[in-house]
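The same subunit A turns up in both complexes below, where it pairs with subunit B and then with subunit C.
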Partner chain A sequence: MQNVLTKISGEAKFELLIFLALASIPLVFSGYILFILPQYMLFGLLAVSLSILWGLTGIISFGQAGFFAIGAYAIGIVVKSTFLMNSAILGILLGIIVSAVIAGVVGYFLFSAKVKATYFVLATLALSIIIEQLAKSQKEITGGWNGLFVDRISISFGNLLEYSLFNDIPMYYFTLLLTIIAYALIKFLTTSNFGKILRGIRENEDRILALGYNTSIYKTLIFCVSGALAGFAGSIYGTHAGFVDPSLARVLFSTEVIVWVAIGGRNSIIGSFLGGILVASLANYLNSITPEYWQLIIGIVFIAVVILFKGGLAGGLEEIYHRLKSKNYVSARNP
Partner chain B sequence: MSLLEIHNLSKSFKGLLANDKICMELKLGEARCIIGPNGAGKTTLISMISGHLFQSSGIITFDGKNISNYDLVKRVRLGIGRKFQTPTLFDNLTVYENVELSVIRNNYSNFEKNAKIDETLKLIRLFDEKDVPANTLSHGQRQWLEIGLLIGNNVKLLLLDEPTAGMTTEETIATTKLINNLSGEKNLSIIVIEHDINFVRELGAQITVLHLGKIFAEGNYSTIENNKFVREIYLGAPDVVS
Partner chain C sequence: MELAASVLLDTTLITLTLALAAFGLAIIYGLIGVINMGHGAMLTLGAYFTWAGLQLEIPFVLSVILSGFIVGFIGLLFEHWIIKRFYNSPYETLLLTWAFFLVTTELIKIVFGSDFRTVVNPYPGSIDLGFYKIPTYRTLICVFTAFVILSTGFVFFRTSTGIKIRAMIQNREMASLLGLNISLTYKIIFGFGCFMAGLAGGLVAPMLSVSPYMGDMYLVRSFFVVIVGGIGQILSGTIIGSFVIGGLETIVALFSDQVIAQVAVFFFAIVILRIRPQGIFSEK
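Showing the complex of A and B:
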C-alpha cells in the first residue's frame, strides 16, 4: 500500500482527494447544497471541456455554452417526445453526438483551411449565437423564448431495475459518477500520445508539423472531444435543472466558462474543474448577498488572478510548490 | 541509386528568380554542403525539398517517388526532416519530452520507444540534460536537440540549415563528428547549409556552391578552394580561407 501510494503522483492524489470529498458531502450536509452541487460539477466538466482546448492545445473557444445548450436541449426534446424505455440514455447520447458532429464539421473546415486563432474564436462566437437563435426561433421543438421543461430522468437497466433521479441524493451520486468517468477519460486522453502531440501543437505548431503530424486533424479531433464533453455535461444539466432556455447558449455564459478556467488554471485539468465549481459557487453566493456588485467582485478576482499567476490558481500553487521544493533542495545541499 | 534527385528546380518570387534550374543528386549515406553568399537561394532550395515551399517548376524525386506535389507532412512521413535556421523546439518542454514527441510518431512499443529516445539523447550528447527544459539549453545544445528531433523521427534525409550557428569551436567539432557519424554509420543522407568555412573543410563532404540562384561550382573542398571564381564571389580575400 505504501508502495502504491508513493507511486501515484501528487496531482493524482489531490484529484482523488477532491472526488472523495465530493462523494462524502451528502454524508455530512443536506438541503440546498445537495441540489446545487451536481450542477456545479457539470459546470466543472464544462470548464474541463475548455481547458483541453485552451490550456492543452492553445485554441480558445467562445462556443462552449453552445455545445452545453445542445446537450441540454437534446435530452429535453428526446425525453419529451419519445416513449422509449431508455429515452434518458438516448437523450444523453444524442447530446454528445450532435455536439461532437457539429464541433467536428466546424473544426474540420476551419482547421484544414488553416485559419488563425483569432478567426477561430470569432467562428466559435458565431456558432454560439447561431445555436441561441435556433433555440429561440424553432418554437415547436425548443419552446422558443419560453424554454423547455425537462423531467428528471429515470435510468432503467432492462426490466430489472429502475433508478429514479427525482430525489437529490440519487441525482447527486449519478452526476458524481458520470463526472468521475468523464474526468478519468479526459485525464487518460491528456496523458496519452494524443495529448502529448496536442501539447506539442500548443508549444510550437511549426515544429510539430515538421515532425510529420497533421495538426489540423489533431485540432479537429480535440475540438470534437471538447464539444462532446460540453454536450454531455449539458445533457445531464438539462435533466438536473429541469428547465432549458435559450440563455444557456448565450455568449455571456461562454465568457463565464473562460473566467472559470482562467481563474482555476487553464493548464491543469483539476484546476479548471475546481475553477468551474468554486467560481460558480462564489458567484451564486455573492449574488445572494450583494446582487448589485457580485459581477464586479468576480471581475476583480478574475483580473487579480490573471495578473498574479500566469497559469491561474493551479499554476500559482504549482509555482509555490516548486519554489519551496527547490529551496529545500538547495538548503539540503548547502547546510 | 540516388535517394534524392532534383531536376531543373526553379522558384520565383514575383519575378525574382531565387532558384534557377537546379539539378542535384544525393546518394544514401551521402553528406553534401551547400555554400554561397547571402541571397544565393540556399534556404529556398532546402524549403522546396522539405515541402515548406512549392517549386515554380521542376521535379523532385525521393526514394524513387516523384514528390513534387507532396505536402510537408507527407514528405516528413517519407523520411525528409528539416532543421530550421533558428532552432525551432518545444521550448517549455524538457529535452526528453522534445525527443519523445518526435519518436512517438513511429508507433513503437514502450520498450522500443524508450530505447530510441535514450539512443538519440546519447547521440546528440544531451542525455544528462534530459530533464531540463529546452529553453535553458545553450545555443549549441539547442541546435543538437533539433537534430535529435530529426533522428528520433527516423528520417532518411536530414536538411540542416546552419547547424553550427552560435556554437563554440569545441561544439562545432562535435557537430562535425555527429554529422559524419550519421552519414557514415547510420547511413543517412544529409544536406548542410553552412557559412563557417572551417566547418565545411572539417566535414570533408562534397560541396555545391550556389550563386544568384544557380549552381556555380561543385566538388570537394580543395577543388572549391582553388576555384578562382568561387573565391571571388564567396570566399573573399585568400587570407580568410587559410
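Showing the complex of A and C:
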C-alpha cells in the first residue's frame, strides 16, 4: 500500500483526496448542502469541459452553456414524452449524443477551414444564442419561456431492481459516481497520446501539422468530447434540478463557466473542477448576503485573475509550491 | 414601384442604424485588432447617460454628445490601466473587455436599477413622401450616420493623421521607427471607438427601451456586421455588413417570425466566417 501511494503523483493524490472528501460529506452534513452540492459537481464537470478546450488545446468556447442546456432539455423532453422503461438513460444518452454531434458538425465546419481562434469564439457565442432563441421560441417542445418540469428519474435494472433518485442522498451518490467516472475518462484522455497532440497544437499548431497530424480533426474531436461532457452534465442537472428553462443556454451562463475556469486554473483539470464547485458556491453565498453586489465582486475577481494569474488559483498554488521546494525555481509557465 | 421604393427606404434605415451601432466596434477591431466585447455595455452606458442627461433637463443633442464623451473617457481609462498591456494577446483582451461588460452591466444595475427606462423621441412625427411615411427621427439618425462615416473617411484618406494611422496599420514597427507615437495613436483610436459606441447608444435610446442588457443583441450583431463586411474595411465594410445582416433579418422576418430571422442571420454569419473570413466582398 505504501508503495502504491508513493508511486502516484502529487496531483493524483490531491484528486483522490477531493473525491474522498466529496464522498464523505453526506456522513457528516445533512440538509441543504446535500441537495445543492451535486449541482455544483455538475458545474465542476461543465468547467472541466471548457478547460480541456481552453487549457489543453488553446481554444475558447463561449457556448458551453448551450451544450449544457441541450443535455438538460434532452432529458426533460425524453422523460416527459416516452413511457419506456429506461427513458432516463435514453435521455442522458440523447443529451450526450446531440451535444457531441452539434459540436462535431460546427467544429469540423470551422476548424477544417482554419478559422482564426478568436472567430471561433464568436461562432460559439452565436451558437449559444441560437440554442437559447430556439429554446424560447419552440413552445410545443421546450415549453418556451416557462421552461419544462423534469421529474427525478429512477434507474431500473430489468424488472428486478428500481433505484429511485427522488431523495437527496441517492441522488448525491448517483451524481458523485457519474462525476468520478466522467472525470476519470477525461483524465485518461488528457494523459494519453491524444492529449499530448492537443498540447502540441496549443503550443505550436504548425509544427504538429508538419509532423503529419491532421490538427483540424483533433480539434474537432476535443470539441466533440467537450460538448458531450457539457451535455452529459446538463442532462444530470436537468433531473436533479427538476426544472429546465432557456436561461440555461444564455451567454451569461457560458461566461460564468469561463470565470470558474479562469479562477480555478485553465491548465489544471482538478483546478477547473474545483473552480466550478467553489466559485459557484461562493456566488451562491455572496448572493445570499449581498444580492446586489455579488456579480460585481465576481467580475472584479475575474479581471484580477486574468491580469495577475494566468494559471488561475491552481497555477498560483503550483508556483508557490515550487518556490518553497527550491529557491532557484524558474517559472515554467508560458511567458 | 412604390413598394420597391418603400422597401428600399426601409432597408436603408435599418442598414444605417445598424452601421451606427457597429461603427465603434469596427474602428477598434479594424484598426488595432482588439475584439471589444465591452462594446454592447458601452452602447448601454451611452443610452443610460443620455437618459440621465434628460432627467437633468439637458437638451437631447447635448446629452447624447456628453454621453459620447463620458463613455469615451471611461474607455480611455480602461485602455490606459488595463488593455494597453495586452495588445499582443488577443485572448486576454477578449476576456478583459468581456469582464468590462460584466462589471459595467452590474454597475448599471446598481446605479440605475434593472427596470426599463424610456427616452422620449425628441423628433416625433414623420416625413410624408406621398406613398410612404418615414419617421423623422430615424431619418435624422441615418443622415448623421452617413455624415460620421464620410467624415471618418475624409480624415482617414485626406489628412496627415489618416496617413499616419494607415502607415501604422501597414507596418507598426516601421511607423514607430519613423517617429509615430504608437501607444498614443492606439489610445486615441480606442477612445474614439468608445466615444462612437456611447454616442450610438444615446442615439438609439429613443428607438428602444433602455435596460441593462439592451446592448447585448447589438454586440453580437455588430460583430457579424464587421466580419461580413470585412475587418479593416471600416467604411465600406461597415455599410455592406450592416446591409447584409440588417437586410437579411428583415427579409427572413417577412416570411417567419423575429426569432427565426435572428437564428437564420447568426447561422448565415457562421457560414460566412468559414467560407469568406476576409469579408463577403473584400479581396484577400
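Odds and ends about this structure:
The working rule: the second predicted complex is superposed on the first by the 327 of 335 C-alpha atoms of A that agree within 3 Å, B and C clash if a C-alpha of one lies under 4 Å from a C-alpha of the other, contacts with A are read in each partner's own complex, and residues count from 1 in each chain.
Definition applied: contacts are C-beta pairs under 8 Å (C-beta built on N, C-alpha and C of every residue); 3 or more make two chains touch, one makes a residue touch a chain.
As the structure is a prediction and not an experimental result, all values here were calculated from the model.
In the superposed pair of complexes, A:193 makes contact with subunit B only, with no contact to subunit C. Contact with neither subunit B nor subunit C is seen for A:28 once the two complexes are overlaid on the shared chain. Of the two partner chains, subunit B is the only one touched by A:212; subunit C is not. Look at A:106: by the touch rule set out above, it reaches subunit C but stays clear of subunit B.
Contact with subunit C, but none with subunit B, is seen for A:115 once the two complexes are overlaid on the shared chain.
Look at A:133: by the touch rule set out above, it reaches subunit C but stays clear of subunit B. When the two structures are aligned on the shared chain, A:258 is found in touch with subunit C, with no touch to subunit B.
By the touch criterion defined above, A:299 lies against subunit C but remains apart from subunit B after alignment on the C-alpha atoms of chain A.
With both structures placed on the common chain, the touch criterion links A:125 to subunit C but leaves subunit B unconnected. Set side by side, subunit B and subunit C differ in how many residues of subunit A they touch, and the one touching more is C. Those residues of subunit B that touch subunit A in the complex are listed here as 50, 52, 72-73, 76-77, 81-82, 84, 88-93, 97, 100-102, 104-105, 149, 153. By the touch criterion stated above, subunit A contacts subunit B in their complex at residues 193, 196-197, 199-200, 203-204, 206-214. Considering their complex, residues 35, 82, 85, 90-92, 94-96, 98-99, 102-103, 106-107, 109-110, 216, 220, 223-224, 227, 257, 259-260, 262-263, 266-267, 269-270, 273-275, 277 of subunit C touch subunit A. Interface residues of subunit A, counted against subunit C in their complex, comprise 60, 106, 109-110, 113, 115-119, 121-123, 125-127, 129-130, 133-134, 136-137, 251, 255, 258, 262, 292-293, 295-296, 298-300, 302-303, 306-307.
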